[in-house]
Structures are given as C-alpha cells and as structure tokens.
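Next come two complexes built around chain A: one with chain B, the other with chain C.
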Partner chain A sequence: MKGPVLLVEDDPSDARLIQRAFGKMDSSVAIFRLTNGDEVVSYLSGEQPFDNRNAYPLPCVVLLDIKLPRRSGFEVLEWIRRHPSALNRLPIIMLTSSRHSVDINRAYDLGANSYLAKPDTVPQLEQMASEFQRYWLSFNESPDLHGSPNQLRRS
Partner chain B sequence: MSDRSLPSILMVEDEASDAILLLRGFEKAGVLNPITHLKNGDEALAYLAGIGQYVDRSKYPLPVLILLDLKLPGMSGLQLLQWLRTQREIRRIPVVVLTLDRSPSSINAAYDLGANSYLVKPGDPVEIAKVIEAIQRYWIELNEPPPLVMGAKNDPG
Partner chain C sequence: MARQSSLLPISTARSSIISDEVFRLLVNNVIDYAIFVLDPEGHIHSWNKGAERLMGYTSREIIGKHFRIFYSEPDLTANKPMLELQTAKASGDFQEEGWRIRKNGSRFWGSVLITRIVDNNGKLLGFGKIIRDLTERRLSDLRYRLLVQGVEDYAIFSMDANGYITSWNVGGERIKGYKPEEIIGKHFSVFYTPEDQARSLPEMVLHTAATQGHFEGEGWRVRRDGTPFWASVVVTALRDEEGHLYGFSKVTRDMTERKKLLDTIRQHSQELELRIQEREETSAELEAFAYSVSHDLRAPLRAIGGFADALREDCAPTLGQQGLDYLNEITNATARMNALVQDLLEYGRVSRINLSLGSVSLSEAVKQAIDQLGSDRRGSLTVDVPAELRVESHPQVLAQVVLNYLTNAFKFHEKDSTPAVHVFAEQHDDHVRLSVRDNGIGIAPRHQERIWQVFERLHDRETYPGSGIGLAIVRRAAVRMHGSCGVDSESGKGSTFWIELPASKNGAER
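Presenting the complex of A and B:
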C-alpha cells in the first residue's frame, strides 16, 4: 500500500486546481495538502497534529512548491535530504511557477528528483497530473523509508 | 529518424539484446532525441567527462537524461552515479536507473547515491516500449532539465 502524495502549496486556488486535476485520475493513492514548510517538517517528523501514522502515513512522493510561508521549499528539501533516517530518500518533485535557471539548478543541487513548472492552463495541468501519476505511482520503484539509513548519501 | 537539434539521451547498457529492445522501444514511442548507446561504465565516464575520443562536445554533446543499467562490466552503474554526482558541471544531469535488479538494497543504494528515479526493465518487448514511452513523456516532455546541459528549455535568463 503506497503512502499518499504530499502536496505542499500555499496558494489556495493553485492547490484547488492541482487537487482537482489529480482527482480526475482513477487512482487509489490519496493526495494530502499542506500549506507551509513548517507543516511538512511536522508531518514527516510525526509531530502533533500529525502524530498518528495510520491517519498520516509517510508519503510515497512529495510535490513541493518553492515559495512557501515559514520554511521555503528549498529549506524543506534540505531538511529532508539531511534527515538522519531513511526518510532522506523520499522522492521530492518541485512544482513551482519559477522557470529560473538559478532555482532549477539549486533544486537539483539540493537533491530534488525532478523539477516541474506549473502549467498555464487547466488541460495542461490535467495532462501533467496524469503523466505524473503514471510515472511516479506506477512505473517508479519507491525507496524504503523505514529501513536503516544509508551510509552513502552525498552531503 | 532522430533529430540532431534535440538534446540526446545517454543509454548505458551492456546487454546487446536488452539494448536492441530499448532502442526499438524508443522508435516505437516516437522519440526523436538522438540516443547515445554506451556499453560500460568506463566508456560512459569518458563520454561524460569529455575525455579521450569524446573531447569534441559538438560531436558528443552532454545528454539531457542518462538511462543507467546497474550491472555493467568494469565500473558499475552505482560507481558511475557516485562519480557523476561529485562533478562540477554535469552533476545535475538526471539519472534514471533502468535495470533488471529489483532488490530493495539496490533501490535504496541508488537513491542514496542520487538517482532521480529507479525503473525495473520488463522482459517483454511490449512492456519495455511502455516504459520507454513513460520515460519520454515524463523526463523529456515534462521535466525541466538543469539549464547547464545543452537543450534547456523555456529559460528566460
């Protein structure tokens, strides 16, 4: 049983559009939305109000905006990749309106698995949601987030 | 027919029969990007570093995506990945592991060393074509590649 897709998006109208696009797909995987960087850290750490792992299971993949209140997407990404547990393998896909080279480079340097630019139209967003789910939820092999942490990760 | 103006995909695969199936998959999926096929890790390292016979980048351009088998003669796929991620300019090139190996320890190790994604190669040609099509649609059409690599798209700066 795969964990949910964690969507981290502060803009309510963007979040609604993305969730609607994902909802169109016939997927057994839930999408769970958080609105700021601190919430992601609490969720992944299993801190209150997310301390019940049955209700808030570890996600299989995170869709992470860059511009977020409190901790930015980059800070969240860095926090996850430096985590002392196997959680640091969690696949992270940036989903942002920025197409700037500096942001793209920084995301890859901090260990983002992929970088997606938010599409301009709803049909394009639906297309993206469909490709995203097909790729990450059915083709890609997920790492084990519960096992022993690695000794290998590049710093 | 491939289009030389599009960024290339580097495929590192030692098994000739697997390589043929993958190349056929690319054709079937209508991938126009040129495919560079190399048969071992040492050759891939030379290509990516631009050394030896691969010094001419206009002839041997940096790929926009690397499809990496793990079991290779000489330098392994994981060793190549580890080397790549320490390099200055090319370290950001997305690497998708594409292998028969579905053991959790290999999957974890690949992510730990900075693989962007991990796919298991199906044995069946029809299924291989589906995987290649998914790779094309996600990594070539949807994903924003690191801009240092030639062929970066939509870069306003």
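Presenting the complex of A and C:
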C-alpha cells in the first residue's frame, strides 16, 4: 500500500486546482496538502499534530513548491536530503511557477528528483496530473524509507 | 715622512748612489704629476716631465725662476705664493686646490701639495711641490653643482650622515621657502609635519636609505611658512670608496598639484563606482521584481483561468450559451495577460546586466526560432543564412530576437493575403546583418521609431493581437549584444526588419 502524495502548496487556488485535477484521475493514492515548510518537517518527523503514523503515513512522493511560508521548498528539500535516516531517499518533485534556471539548477543540486512548472490552463494541468500519476504512482518503484540510512549518502 | 727623506738627497747633492739616481729618474719621468723643488725663497730648483707637460715650461726655461709665475694677478696681490710657503714652513705642508696659470696663459685647476724640506739640524733647505691637474674633475663638479643649483623644479640638497643639511639649491628655496643660509646646518626633519616627526619618520627615512641604499616615498611635508605640500622624495645614501656612509642626497619634488588632480580623479572614480554599484543594486532589485512578478502575479492569473476552465467543465449545462461566451472572454483575457507577463519577463531578462556573450551560429539561432514559431507560421518561409556565419551574442536572446521578427512578419498582413517571409544574412566587414523581409502591411515612416518602445502599438488588439513589447525586447537585446537594429519599410509594401551584430573573429571554431 503506497503512502499518500504530500502536496506542499500555500496558494489555496493552486492547491484546489491541483487537487481537482488529481481528483479526476482514477487512483487509490490519497493527496494530503500542507501549506508551509515547517509543516512538512513536522509531518515527516512524526511530530505533533502528525504523531499518528496510521493517520499520517509517510508519503510515497512529495510535490513541493519553492516559495513557501516559514521554510522555503529549498530548505525543506535540503532538510530531507540531509536527514540521518532512510527518509532521505524520499522522492521529491518540485511543482512551482518559477521557470528560472537558477531555481531549476538549485533544485537539482539539492537533490530534487524532478522539476515541474505549474501549467497555465486546466487542460494542461490535467494532462500533467495524468502523466504524473502514470509515472510516479504506477511505473516508478518506491524506495524503502524505514531502513537504515544510505551508506552511499553524500554528506 | 718617507717622501721627505727620499727627496732630501735630490735637493742637497747629486748623489752617486744608484738608488737615488733611480729615484730621480722616476720622479723626472712621472708625467701625470708636476713634481719640482723650490729653494727656501721659492725659486724653482728642479723640474720633471710632468711639470713640463702640465705647465708648458721646459726645465731650461723655468729653473731659477720664482714659482709666483704660476699664480694669477689677484692671487699675487693677495701674496698667496709666499703665504703658502710660510704655511708649509710653519706646519710642514700646505695643501689646496686652486687655479694656476700655464706658460700660455691658460688656467688649470690644480691639486697642490707643498712640503717643507729640512736637514737633520732642522734648517730649511727648500720645498717639494707636487701638482696634479684636476681641471676636468673640477669642471664636471662645477657643471654638476651649477646644474643642481639651477634646478628649480626639484629641491636637491645634501645632508651629513646625521641628517644635517650641507648644501641647498634654487629648487629647495622655491619649493620649501628657505634660503641656503637659513637652512644649511639645520636638521632635515624641519620639513616634516609634527605628527611625522613624533613618529620618527625622518629617522626611518634615513635608516631605510642607509640600509637599503635609497628611500623613495610620497607624503605631506611643510614649507617654511607652514603650508603643507605633497612631496615625492628620493633619499640616496652617499658612501665613500671604502663604503663608509658620509651623508645623504635628497631630491624632493612638489607634487601637490598632481596629488590634487589624482585625488579628484580618485574621488570621481569612487563616485562612479558607487553609481555603478547603485545601478547594479537597482538592476538586482529589478530582477527580484521580475521574479516576484513571475511568481506572485501569475498565481492569481492561474486561479482565474483555472477556475474559468473548471467552471466550463463542471457547470456547462447550467451556464447556458451566454455564460460560456463570458467564460471565453475571461479565458482569453487571462491568456493575454499571461503572454504580457511572459514578455515583460523576457524584456527584463534581456535588460539584465550580465548577459554573457559568445560566438553563436546565426543559422542555428534562426532554426531554433523557426522551431518555436508554431501555429504563427503561415504561407511561405525561405531561409538564406550561410551556415558559416557566426556572431558575438547570446544564443537564447538571439533566438528570441529572430522569433519576435518572424512572429511579426507572419502576423502583420491583410486578412486575405498569403505571407511570404524571407530570412537572409550577409557579412559587412566586421558585422553581420540578419534581415527578415515580409510582404505584409508595412509601416509608414512616421511610425518607424515608435514601434521600438515598450507597449507601443499601431493597431487595435483585435486586428493584430500582441503585447506591444516584442520589438522593445529586440532593441534592448541588440544594444545589450553591442549591435543595432532597424526597419526598412513603406506602408503597404512590406517590411524588412534587421539586426546587426559583431561578427565572431574566429568564425570557424566551435
């Protein structure tokens, strides 16, 4: 049983449109939305109010915006990749309105698995949701996030 | 002393001792020194080759004559010859350098040594006299001194080993305001400010010159009247042949005017740097602004467009035809605004300070632009760009320029006409001109300047849609890539838009 998709998006309109697009897909994977960077850290750490892993299971993939309140997407990404447990394997996909090469390169430098720019129209968004689901939720094999930390992990 | 005893036999008696004879021959044949003997009254008793050469008299002419004939009229009036003999008689010898007269009346500068000759009982037998011709050295010394004395632009003076001034020139007087009699004998630290004196700068200068041979520096010094001046200073240690320090020479130049000029230039450059920095900051702010536009301004646009789409999809039956028409208006406006924001961002991008330029293949850039044309492309498009042409530019920005030209070339046509667009390029000397010619509606000459401004439009949006930024991007890009752009057109006869860029020097590479 796959964990949910963690959608980290502070803009309620964007979040709603993304969730609507994903809702149209025929998928058993849930989408759980968080609105700022600190919440992601709390969620993944299993801290209050996310201390119940049955209610808040580890995600299979994170859709991460860059511009977020409190802790930016880059900071969250860095926190995850430097995590001392196997959690650092968690697939992270940036989903942002920035098409800046600076942002794109930084995301990959910090260890993002993919970088998606938010589409401007609903049909494009729906197409992206569909492709995302096909690739990341069915074809892609998920790593074990519970094991011991990666021996090859970069410092 | 040895000299005295050796000379004795020559003057007393014609000794037959070999060594005395040898010695006499030696003295006789010395040619660089005039060596001769005077009797106690000053009559010439002997004469060597050197004396003949220097003074011009043969021994026959001179022996028996009084040595006063070597002196000038003023020296004779002052009774100099006899005073010299009296000095030598009293103290053993007399030494000086001075002018003497040759047989032909010419003067020479002689280094003179007169030595008293006495017998074993202390009775005066006469005088030995040695003269060396130092005219050349004297003249060059004199020339040098006159030169130094006469230099007005430099203060040139000498000091003893402790820094007390021993000579002074006109330049010193002019620059520092002291007359020679006021300053000679004083310590050179009087030229320094009280602060520099307190931190022993004068001593450090002498120490550096003494240990390293010379000292060079610039700094504020003080004139006699207390006014400061900016001095460029060279102090050189003076050492005798054995290497003993006997003093220093110091050359000081008044650089106050140049210092002021340099300070002004430095101040200007600092102001300029500040302005550049401000401009860079402004540019960075603009970039931050553009970034924020891309993120914050587009988010609500996505929401408007997105929910309009959602409304159309989810609620079409209840909206009715009119409702759907309104929705289309919203969607179109949203798309327009998106394009506008995109173009503004592009305009901001080409305005950025650090546009790194390199050798770019013109045909590649044109190909890239054509690939991006999409549905704008209609009618015919012919491309005539030699593959070897390369220009100094930025690949993406150049492609953007070409794309903007192409988009316009296909856009501005009468409704029923078929566009025929021709892209061509040629090299003129060190520039390459790329032209995009169309058979469209053309531009009246009076509009041909306005079109390059941001948000300038010649037509209403319904006839020819667009943001009104495309050509402003081109112009900005052309300037940023050290090129130029323009248009040749007449109303109704099509337009040829061109951009000219510096040709790459090594076109064959890359």
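FYI, the second predicted complex is superposed on the first by the 155 of 155 C-alpha atoms of A that agree within 3 Å, B and C clash if a C-alpha of one lies under 4 Å from a C-alpha of the other, contacts with A are read in each partner's own complex, and residues count from 1 in each chain.
Keep this in mind: a residue touches a chain if its C-beta (ideal position, glycine included) is under 8 Å from a C-beta of that chain, and two chains touch if they have at least 3 such contacts.
Predicted, not measured: the structure shown is a model, and the values here were computed from it.
If you put the two complexes together on chain A, you find that chain B and chain C both fit without a clash. When the two complexes are overlaid on their common chain A, residue A:V122 makes contact with chain C while staying clear of chain B. Once the two complexes are overlaid on the shared chain, A:C60 sits clear of chain B and of chain C alike.
Of the two partner chains placed around the shared chain by superposition, neither chain B nor chain C is touched by A:V5. When both complexes are overlaid on chain A, the residue A:Y135 reaches chain B alone and has no touch with chain C. In the superposition on chain A, A:L17 contacts chain C only, with no contact to chain B. Here the vertex is the CA centre of chain A, and the angle it makes with the centres of chain B and chain C is 70 degrees, a multiple of 10. Once chain A of one complex is fitted onto chain A of the other, the partner contacts of A:V76 are absent, as it touches neither chain B nor chain C. Legend: residue contacts after superposition of the two complexes on their common chain; A:S97 is shown touching chain C, with no touch to chain B.
In the overlay built on the shared chain, the residue A:N113 is in contact with chain B alone; chain C does not reach it. The wider contact with chain A, measured as residues touched, comes from B rather than the other of chain B and chain C. When the two structures are aligned on the shared chain, A:L34 is found in touch with neither chain B nor chain C. Closest C-alpha contact of chain B with chain C, superposed model: 5 Å. Chain A residues in contact with chain B (one complex) as well as with chain C (other complex) are 99-100.
For chain C in complex with chain A, the residues that touch the partner chain are 291, 294-295, 298-303, 305-307, 309-310, 313, 335, 338. Those residues of chain B that touch chain A in the complex are listed here as 82, 85-86, 91-92, 94, 102, 104, 107-109, 111-114, 116-120, 131, 134, 137-139, 141-148, 152, 154-157. Across the complex, chain A meets chain C through its residues 11, 13-14, 17, 20, 67, 96-100, 118, 120-123, 125. Residue ranges on chain A touching chain B, taken from their complex, read 86, 89, 91, 99-102, 104-105, 108-109, 111, 113-117, 128, 131-132, 134-135, 139-144, 147, 150, 152-154.
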